[in-house]
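Below, each structure is written out as structure tokens.
In the two assemblies presented below, subunit A is common to both, partnered first by subunit B and then by subunit C.
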Partner chain A sequence: MTEASTIAVGAEAGAPTGGQADEGRSLASDAWRQLKRNPIFWVSVTLIVLFIVMAAVPQLFTNVDPNAAVLKQARERPNANAWFGRDIQGYDIYARTIYGARASILVGVLTTLVTVVIGVTMGVLAGYYGGWLDSLVSRITDMFFAIPLLLGGILFMSTFPNDENSRYLVVVGKVVLVMAVFGWPSIARLMRSSVLQVKPNDYVQAARALGASPWRIIRSHVMPNALAPVIVVSTINLGVFITVEATLSFLGIGLTPPAVSWGVAISDALVALRTTPHILLFPSLFLSLAVLAFIMLGDAVRDAFDPKSR
Partner chain B sequence: MAEAILTATDLVKHYPIKGGVLRRTVGHVKAVDGVSFELLKGETLGIVGESGCGKSTLGRLLMRLEEPTSGSVVFDGVDMYAQRGRAMRKLRRDIQIVFQDPYTSLNPRKTVGDIVGEPFDIHPDVVPKKGRRKAVQDLLDLVGLNPEHINRYPHQFSGGQRQRIGIARGIALNPKVLICDEPVSALDVSVQAQVVNLMEKLQDELGLSYIFIAHDLSVVRHISDRVGVMYLGKMAELGEEDDIYGRPTHPYTQALLSAVPVPDPTLRDKKEQIVLKGDVPSPANPPSGCRFHTRCWKAQDKCKTDIPLLEMRPDGVATHLSACHFAQPREIIETVDVSDQQDEVGNTV
Partner chain C sequence: MYKYILRRLIQMIPVLLGATFIIFAMVYALPGDPTIGLCGERPCPAAFVAEFRDKHGLNDPLHVRYLTYMGNLLQGDLGTNFRDIKVVDELAQRYPVTTKLAAMAILFETVIGIIAGVLAGIRKGKFIDNLVLVSTLFVISVPVFVIGVSLQYSFGLKWPIFPATVGSDATVYRLVLPAFVLGSASIAYAARLTRTNLVENLRADYLRTAIAKGMSRPRMLGVHALRNSLIPVVTFIGADFGGLLGGAIVTERIFNIQGVGGFLFTGIRNRDPVSVVGTVTILVLVFLVVNLLVDLLYGVLDPRISHD
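This part shows the complex of A and B:
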């Protein structure tokens, strides 16, 4: 019977997966194989690399000075000299959009990274260890939730305003700091609830029964199974951060001129939306593309690390 | 008689119930309340009882996945709850668990190779790094899975196959005791038989001792040498399989056994069914004296006040331990016919 059942079970499993049975595989290597075949992954990576290059060396894409205003040609429509036209100050929109990538990408990526690192750490601690640590983290997140992101940003930036002599990184750093401070609690909550869902699973208990250390359990069992919602939300948040930076800049307390960013450009364009919509179109197009690229990358990575989606 | 490998003495696990704004403890759920038994080398001890009687908590206590409120477990001469750190980790190699639900007991994001190989990662001295892949494939082979499926993920397997993976992980470190927490109750009947047979085969080959927790009396009877019946956190009756099934003395055991379906339609009519009144009382507020007295047809005043100890009863003709003041053997199942038939089937299987 045992013999027979063994054979039956072997047959039941169906056709073998293609090749490489002898090579040891792990989730990471399987995920990479999956990603390599995914066109969405390559599209998003290309876009992101493009934006990063744009942020790092804008001179490669244009030799027009983004701060050179030609008032005479203000509101010009796209033409051979100014590909994207000129805005109400007569700035070349193409050059401003290229140069704006730096601030926007920096703010978006840095803020997302900081919120994810802090939020995931806090969420895992609260969810996995529970008890007083959980109460503490939960109450702290409650406190931050009571203050809206924008209000917090206004309060902070008007308390510590920039002046003309502030260094670029300090200006950007302040914006990142204030948004990270008010942005991590939502990630922490999400991670906490996600960890609470994963923790009671028997495979976590099985690892404990085998004598695995808490760090090992968190690293190899809890985190991989709890991260998916955080990946989705944080890539969406990336776009939110870029737009909040724009709002702060619009209020005159975020990035201050001569710093340029997509957010600043969008705010400036709003006043002339009805007569010259192209001023709004190009920076918002770049912003949307950047956010879309990160969301697609997040989706592709999440799917690749979920064996069930293959 | 073989020597005991695991001895539990007066195991108690009370979960506090917190209430009010200040989260003060307002009571205790008495999940396990004074359970003692011995597990002998190479035997299978079945633990049966209905849902919520503390079977699974008992299993978790024996694994030290929970700290007991009081009581002790001596494993192979070592007091389990006194061990710390490295010593405890070493002890864990010898006592492993197979879980009930094969769908939550395997990490969905790990390959079978990683899952079965994890014990070797945690205890690297068991198998040298080079031999691990081979060791994992040997284990898969041993539990009746195709060793070539080492790179597959759990969702690519059926319930029965997943349970085999769980068993392979459980026996990877070559433990002395395997605690099986309802290992077949989530599987359909034909697959149950395969898994139970696999476990019997492994017991013969590896000399394992099993604690087999289940609510299916027929499965427990098939695999167990001795059986313990639990009710509301206490052991009601404990003895050899034949004694428990053939001469149950505790009214609760008798009622349980009377509910076992009889496959033979000619015998079915002869069987009497004992239908208990009411529900299982809350373990947060268990009845005084004998915990079964609220539902027992034999209950007297004594049962409400005196807690019956688990001892040889009734006096003189006792064959096994029972925790009833008025223990009387009573034949419930047509033991002769049924067990003979079962044995025949069992042998041909």
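This part shows the complex of A and C:
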């Protein structure tokens, strides 16, 4: 899933933009001017801020306890008391959906951070230093790339399963770990090719001629110019990671109850699909909206950094 | 060309070894006692457990077991699982089903994806373009298992156009709905990719020249614009193969298809490491070979890319 989408996006993103679009303005400020004018950017940012607030302080949105089951009212349709109705256990779906944001956002953000750190480091090592280091890093990347994200996730999560007593952060940490382990290769590949395109530029050669240390060249010349495609793809990947987490939970091996998450909620709702489809609707809707927000943000940022798409 | 293929094949060896070792190490760390449930309701006698562990080499250190396994693999032996079924036989039975499913998904991807992408690309900014962009965005954001169960419910149960589950008899007709579900996200990606590239190429100088010289629109689109625009799409579809194999686990579970994905998932559930390692090894091998083929195809489609 990730590999494929990343390649699609990577190919769409095309070459990292070299040079400045306008005289006197840096690439970043030029991109920012473009972004500010793009309504899609503002819609996605609003959605993302909303979800982050939801994840941080769910109490702002609801004062119902998501773990309070009213079995008598199980499967109730949406009504004034429970806005989204109640699920098969009699949980308030609205409260569950609000509280479910935390797991998905946490998993998405943490996984993206870890994959970017590993991917960028590996990509710079391979792209900047080249030679045997490049061969070594590229082959290691290929090894992990050859195992599809979902497949690796299923294997790992069944090797180290959760039980009811697992602490919340441990459960989330495991999902983050496995997705990071199998998610970084696409970032590394992208970063490597991006660095390879930046490296021959005159300003890099000039810095080297002036005696700058490799670390300084990488930090202040290569990185700022090679990072744009990685930022775009990582933003979109964040949405993909949220989906994969939900898929693992759907298969019963990602997050597991009592953890409250959209994936778990969707998985629980399937039993009652024929009679009470609203139980499935709301968590799916929120999950899709979150994924959509990150994809749209990535799209908007790519368009802003890519003068060709204007 | 042959040098290139040879070099790629040689590069594939460490990758395959590494990937299978990662899987091997992970699977054999699977918790639980494989003899549970083999002797009815009672725990197995100690003598049986000892013999069982010895027979399946469970007492050897990990690297020894790995090397033995790879040695057997070279002779086409994927091992016998704990239920005394040869993994090769099982896979031989199930592979055609998953291959059929994946091939149909790819067919949907290429046909629907490219047509939608071309329609959107040549009418950039018009209604159909926006329709394609919005609907693909929708398909990409909804997780595949939600699409799967929703379509199964709608077209399998509510309006029974297609059978809701596939079961043991996987005919093309029965696989239509699952294949569509499996390919859905990729259809959307392929459409967007085609559109982006077509829009970019339509502005290229060589096409402006072609228009200026009075070339007919179908010829310009079909021969000049599309051929160049489809190169990234071909790469994408090839690379997506791995994703399809992973996604097949979910799709086969929803639609009860007796394919490789289902076998893998049962293997994991039943703590059957031999089946799991065998299945995944073959999946990774297929994935690597498909990627190599795509890279070679790349050179055929675009003569500027040479592998010499």
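Everything that follows uses one rule, which is that the second predicted complex is superposed on the first by the 206 of 310 C-alpha atoms of A that agree within 3 Å, B and C clash if a C-alpha of one lies under 4 Å from a C-alpha of the other, contacts with A are read in each partner's own complex, and residues count from 1 in each chain.
Operating definition for what follows: a residue touches a chain if its C-beta (ideal position, glycine included) is under 8 Å from a C-beta of that chain, and two chains touch if they have at least 3 such contacts.
Treat the numbers as computed from the prediction; the structure is a model and nothing was measured.
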Exercise for the section: Figure out whether A:26 sits in contact with subunit B (first) or subunit C (second), or with both, or with neither. Expected result: first
Exercise for the section: Identify the partner contact of A:207: answer first if only subunit B is touched, second if only subunit C is, both if each is, neither if none is. Expected result: first
Handout entry: Partner chain(s) touched by A:140 [first = subunit B, second = subunit C, both, neither]
Key = second
Handout entry: Which of subunit B and subunit C A:239 touches, first, second, both or neither
Key = second
Exercise for the section: Please indicate which partner A:224 is in contact with in the superposed arrangement: first for subunit B, second for subunit C, both, or neither. Expected result: first
Exercise for the section: Going by the touch definition up top, name the partner, subunit B or subunit C, that contacts more of subunit A. Expected result: C
Exercise for the section: Report for A:113: first if it touches subunit B alone, second if subunit C alone, otherwise both or neither. Expected result: neither
Exercise for the section: Name the contact category of A:306: first (subunit B only), second (subunit C only), both, or neither. Expected result: first
Practice task
Check subunit A for residues that touch subunit B in one structure and subunit C in the other, and list them.
Solution key: 1-2, 5, 12, 308
Completion exercise
Seen from subunit A, its contact residues with subunit B in the complex are 1-2, 5-6, 9-10, 12-13, 16-17, 20-21, 23-27, 30, 201-203, 205-212, 216, 220-221, 224-225, 305-308
Completion exercise
So, in the complex, the side of subunit C touching subunit A is made of residues 11, 14-16, 18-19, 22-23, 26-27, 29-31, 137-138, 140-146, 149-150, 153, 157, 185-186, 189-190, 192-193, 196-197, 200, 232, 235-236, 239-240, 242-243, 245-247, 249-250, 253, 264-265, 268-269, 276, 280, 283-284, 287-288
Completion exercise
Interface with subunit A, subunit B side, in the complex: residues 60, 63, 65, 88-89, 92-93, 96-97, 99-101, 104-111, 113-115, 118-119, 122-123, 133, 144-146, 148-153, 155-158, 160-161, 164, 166, 169, 173, 193-194, 197-198, 201, 348-349
Fill in the blank from the handout: The residues of subunit A that touch subunit C in their complex are 1-5, 7-8, 11-12, 139-140, 142-144, 146-151, 154-156, 158-161, 239, 243, 246-247, 250-251, 266, 270, 273-274, 277, 280, 284, 287-289, 291-292, 295-296, 308-309
